[in-house]
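Shared between the two complexes below is subunit A, which has subunit B as its partner in the first and subunit C in the second.
Take a look at the complex of A and B:
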């Protein structure tokens, strides 16, 4: 195996890591802030992808935007998913705050069934992928799709943006304060329900970004949400609940390990991921970057 | 009280099912019984020990594969298996599931709450992916097909009676366990683990034992599954399968011994009948589950209990 093949594999691992990060960051936020494990997160990701696909198709038919229609398509699907996320939190998730974990599982599982079936009714059972043609560029003695660099850049930008939002902006500080003392924040006259709805909707919108970003290089279809959600949990748990930095590092680990194991032992790639997860949970149950106090 | 009434009603109903003409009712009832036992074993960990085993399907699946692998070994030459070989293969599921539960439980019993849930989920997925990718031994995602039991068991009604007998005995043993000193020790460490430790209960050992027992009973349910559906596949170990006992227990009510079985009647029955009438069954079932979660917290049995209490004027 030569160096350029390894570099290519690293590139594909990195872009996979970005997809996992974009999905898992929403999951980690909703758990960190509201203590809700949202099993339907990947199904919302799927819905965002399908929305993006339809908007893209409509745009390319209407105007001569060509491949650039991807940008407004992603923006529209993110806005739509933000609204859907807000509504979901407002009408369903909100009722689950005092409930136990299994009940949350039951509710979000019902959402998986309902949303999955709605997707089937609207878009049918075909897999979808965007027909965006990108000229490969030559580097490291082989051809590379430059779009991978776009994905990696976007992932890093979102990670940096989220971190800055949570640590530097006023709203981010309120969100972090709400994690530690909901009552105190509420007593200071800040509307906790709005904060929660906003965080949930933000997580869902980032998931839509993840789906839209990957549509040109990966086809999505029904049932993918079930496989991807467990890997997202692995990422969130390895990184530590509620930690953006942890989620980022964990998605890099999972993405890169996956990309390289697939070269050596194709069937066992996911086995290795879950071995890592089990090992982390046994040694450090609260994750690499989480804090020990949370139970 | 509610439990006794529910148990008697369940037994009478299950005995009456073969009177319904056609095989459909019997097949659905067999599925209800098998998954109900699976859910009962889950509730040993959830209702009595207060932890959530999210990877419980691993033990169901190990039981199913244990039976299926021995079955396949006997079948070898293409002739059917004899009754003795069938019995042997049915017995193979339990020890395999219990051994799996011993390893998983050893690590899980150190944790509680969400970490317990996630570690069991992680182990479940690990075992799932091992079974899924080990083509040479487990058949990978094709699973193992052609698990045709000996002639007497091929008739759906006979297999139903066999399942009913096994599930009845297993449930009785489970019931006895929950009423034993061990069962009360479990309730105590669920409510206050520290106090239980002060009284001299070895909390970790108790949790581990209970986890192994629960895994073993899930294994029995799994063993019944293979010859019933004539095949096993890795899906039986996945997290979706692990969700099933959680849903059943919540729908029926985790605070009652019979709750998971009642939940299985509702969930499996609903699944079977709705799938028959509409291609959009996930939508229909999803909406029913949503309504149940939102408006019947604590499960059907506790709602019935409350109603009965208000009617008789006692209140709660």
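Take a look at the complex of A and C:
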């Protein structure tokens, strides 16, 4: 196999990695900061995708914007999902703080069913996809999907943005402090519930962003949330709860390893990923970039 | 007044099925469908309804392909009921259940339909894995099973039960039809090697294996370079696509269905795979021709199981399409799966009329080897495995002035008859069949 083929495989692996990062970063935030196992994260992602689809359709039919309608469609769905995320935290998730894990699982699983049925009532059971035609570009003696670069750029931008937010802003520092000790942060007079609502809503909005970004290269349909949530959890666990850097690195590992395993042992690509997960859980249960210190 | 009520019920049912099929809607739709299918009874004889359980998914990977079947079945039942129902005196009553594309759920719902709703026939499912789970239940309870979408060849061979009747080409027939078409292309284009990409589950494995074995016999010099397997529900085929391009095969065979097929085609076109590697025989039911109308690359060679446009010269198909469009509008068309459900339900009614009974064992015996009128023409159920002599359709995707979506080029369409590609002898079929108590 020549070098250009390997380079293309690496490129597709990077694109897969960034898809995973965009999906999992919101989950990592809520899981890490709030200690809430949001099993419905991928379902909220799906809802964001459907919202984006509808706004896109409306904009292209009413506004004649063409493919560029995707940008305002994503922005609208992110705003809507931020509001939905805020409301969910305010009225449901908040009641789960300090409760046992099975109760969190039950509540978020119930959300999966409720949101899934809501999607079915509004959008029906047909798959949805954007009628956007992406023309391949010639590169490295082959053809390449140019959208790979959009996804990679978006993944890197979200990673950088989240890192800057968490490490350079006051609000971000409070969020990070809350990961280690919510009691201490609360004792300093900071309103933890508002912080949590904001973090949860941000996680859901990032999910909506990723759903919108995937729409030009992926059909969305009922049930796919359950298929992707497992991979999201794998990435978050490998990277470390609450660590955006960890989620980013874990996504890179998973994406690239998966891409190259397909070349060598296609049937075992997923097995290798879960072997990595098992190894991390044994050697470093809090993940590659996570921390043991949580109170 | 009764007409107005019926109209309202129909409108509600149609709306709820067109827009959505939630769990709650499902239950309401069932009641509405039941009420609808019973309407003629009020005017006719008061006799026992013939209860049929519909097992189709409204969630999971099969939901997309089941929507039109769910919409069409009450329509077909109502049409039969206008003639009085089965034997002219047993109106069909449909009981819908969502299998969620999960074998355990499918088996549970099948059992519940049989024990609680007292259904005598089960129709469905989408996934072959679900169908095989349902086969165990129908065999145990001696209930008829009209298999109109699932098509693993194991259903009529390794997992055979005399209660299951298959109304589409099984995966073996479908794959071998692709072999017939591809063998011609290999000769014409001088292709030497290929790769396969399949979904790693029952149907994908079965379809891939049959194709590879078939092509080995038909064209032994054509070399399989690599087998690739993607998990069911894969969302990113990028790495598979670059891997295929790196292997530089002359063509590829895909055993990919459902939403995964749609996603794969979307990503394959964007990554230039379809410009570099020929992809003949991609599964393209009418569902996808409609959904991918704008983006589907023209000129690719697709395969379908029951495309209505191939039989618009058949009055039965014309009538069915007209009936469907009167209810759901001119922009909607019955897809392959809805057509196969139409044929299955009609076949049951035809056979009951010939047998003069709706008693299960009599019906089962009458279905074995029966020749029935279908919207694909007059076809026979093979007496050794209950497989309909269902054709497969291989053709080039082209734009059509008659429809708002591309269809297969009717001038060059290859229609491979079921009997050309099913197991040559009944002895071979029987050797494979499961021995049941």
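Just so we're on the same page, the second predicted complex is superposed on the first by the 293 of 295 C-alpha atoms of A that agree within 3 Å, B and C clash if a C-alpha of one lies under 4 Å from a C-alpha of the other, contacts with A are read in each partner's own complex, and residues count from 1 in each chain.
Keep in mind that, in the parts below, contacts are C-beta pairs under 8 Å (C-beta built on N, C-alpha and C of every residue); 3 or more make two chains touch, one makes a residue touch a chain.
Predicted model only: the values in this text are computed from it and were never measured.
> Who touches more of subunit A, subunit B or subunit C?
Per-residue touch count on subunit A favours C.
> Looking at A:193, would you say it contacts subunit B, subunit C, both, or neither? Reply first, second, both or neither.
Neither partner.
> Between subunit B and subunit C, whom does A:116 touch in the aligned arrangement: first, second, both, or neither?
After superposition on chain A, A:116 lies in contact with both partners, subunit B and subunit C.
> Thinking of the overlay built on chain A, is A:9 touched by subunit B (first), by subunit C (second), by both, or by neither?
second
> Could you tell me if A:234 is touching subunit B, subunit C, both of them or neither one (first, second, both, neither)?
first
> Touching A:145 in the superposition: subunit B (first), subunit C (second), both, neither?
A:145 contacts subunit C only, not subunit B.
> Between subunit B and subunit C, whom does A:219 touch in the aligned arrangement: first, second, both, or neither?
Second partner only, subunit C.
> Quick check on the superposed pair: does A:63 touch subunit B, subunit C, both, or neither? Answer first, second, both or neither.
neither
> Please work out whether A:285 is in contact with subunit B alone, subunit C alone, both, or neither, and reply first, second, both or neither.
first
> In the overlaid three-chain picture, which partner chain does A:161 touch, first (subunit B) or second (subunit C), both, or neither?
A:161 contacts neither subunit B nor subunit C.
> Name the residues of subunit A shared by its contacts with subunit B and its contacts with subunit C.
After superposing on chain A, subunit A residues 116-117, 120-121, 267, 270 contact both subunit B and subunit C.
> Which of the residues in subunit A come into contact with subunit C in the complex?
For this pair, the touching residues of subunit A are 1, 5-6, 8-9, 11-13, 15-16, 19, 116-117, 120-127, 129, 131-138, 142-148, 214, 216-219, 221-224, 227-228, 258-259, 262-263, 266-267, 270.
> Using the touch rule from the top, collect the residues of subunit A that touch subunit B in their complex.
Within the complex, subunit A contacts subunit B at residues 37, 92, 95, 99, 101-103, 105-107, 109-114, 116-118, 120-121, 226, 230, 233-234, 237, 267-268, 270-271, 274-275, 277-278, 281-282, 285-286, 295.
> Would you tell me which residues of subunit B are touching subunit A in their complex?
For subunit B paired with subunit A, touching residues are 46, 52, 107, 111-115, 117-119, 121-123, 125-126, 129-130, 132-135, 140, 239-240, 243, 246-247, 249-251, 254, 280, 282-283, 285-287, 289-290, 292-294, 297.
> Could you list, by residue number, the parts of subunit C that touch subunit A in their complex?
Within the complex, subunit C contacts subunit A at residues 18-25, 58-61, 63-64, 66-67, 100-101, 200, 226-229, 231-233, 235-236, 238-243, 245-246, 259, 262-263, 266-267, 269-273, 275-276, 291-295.
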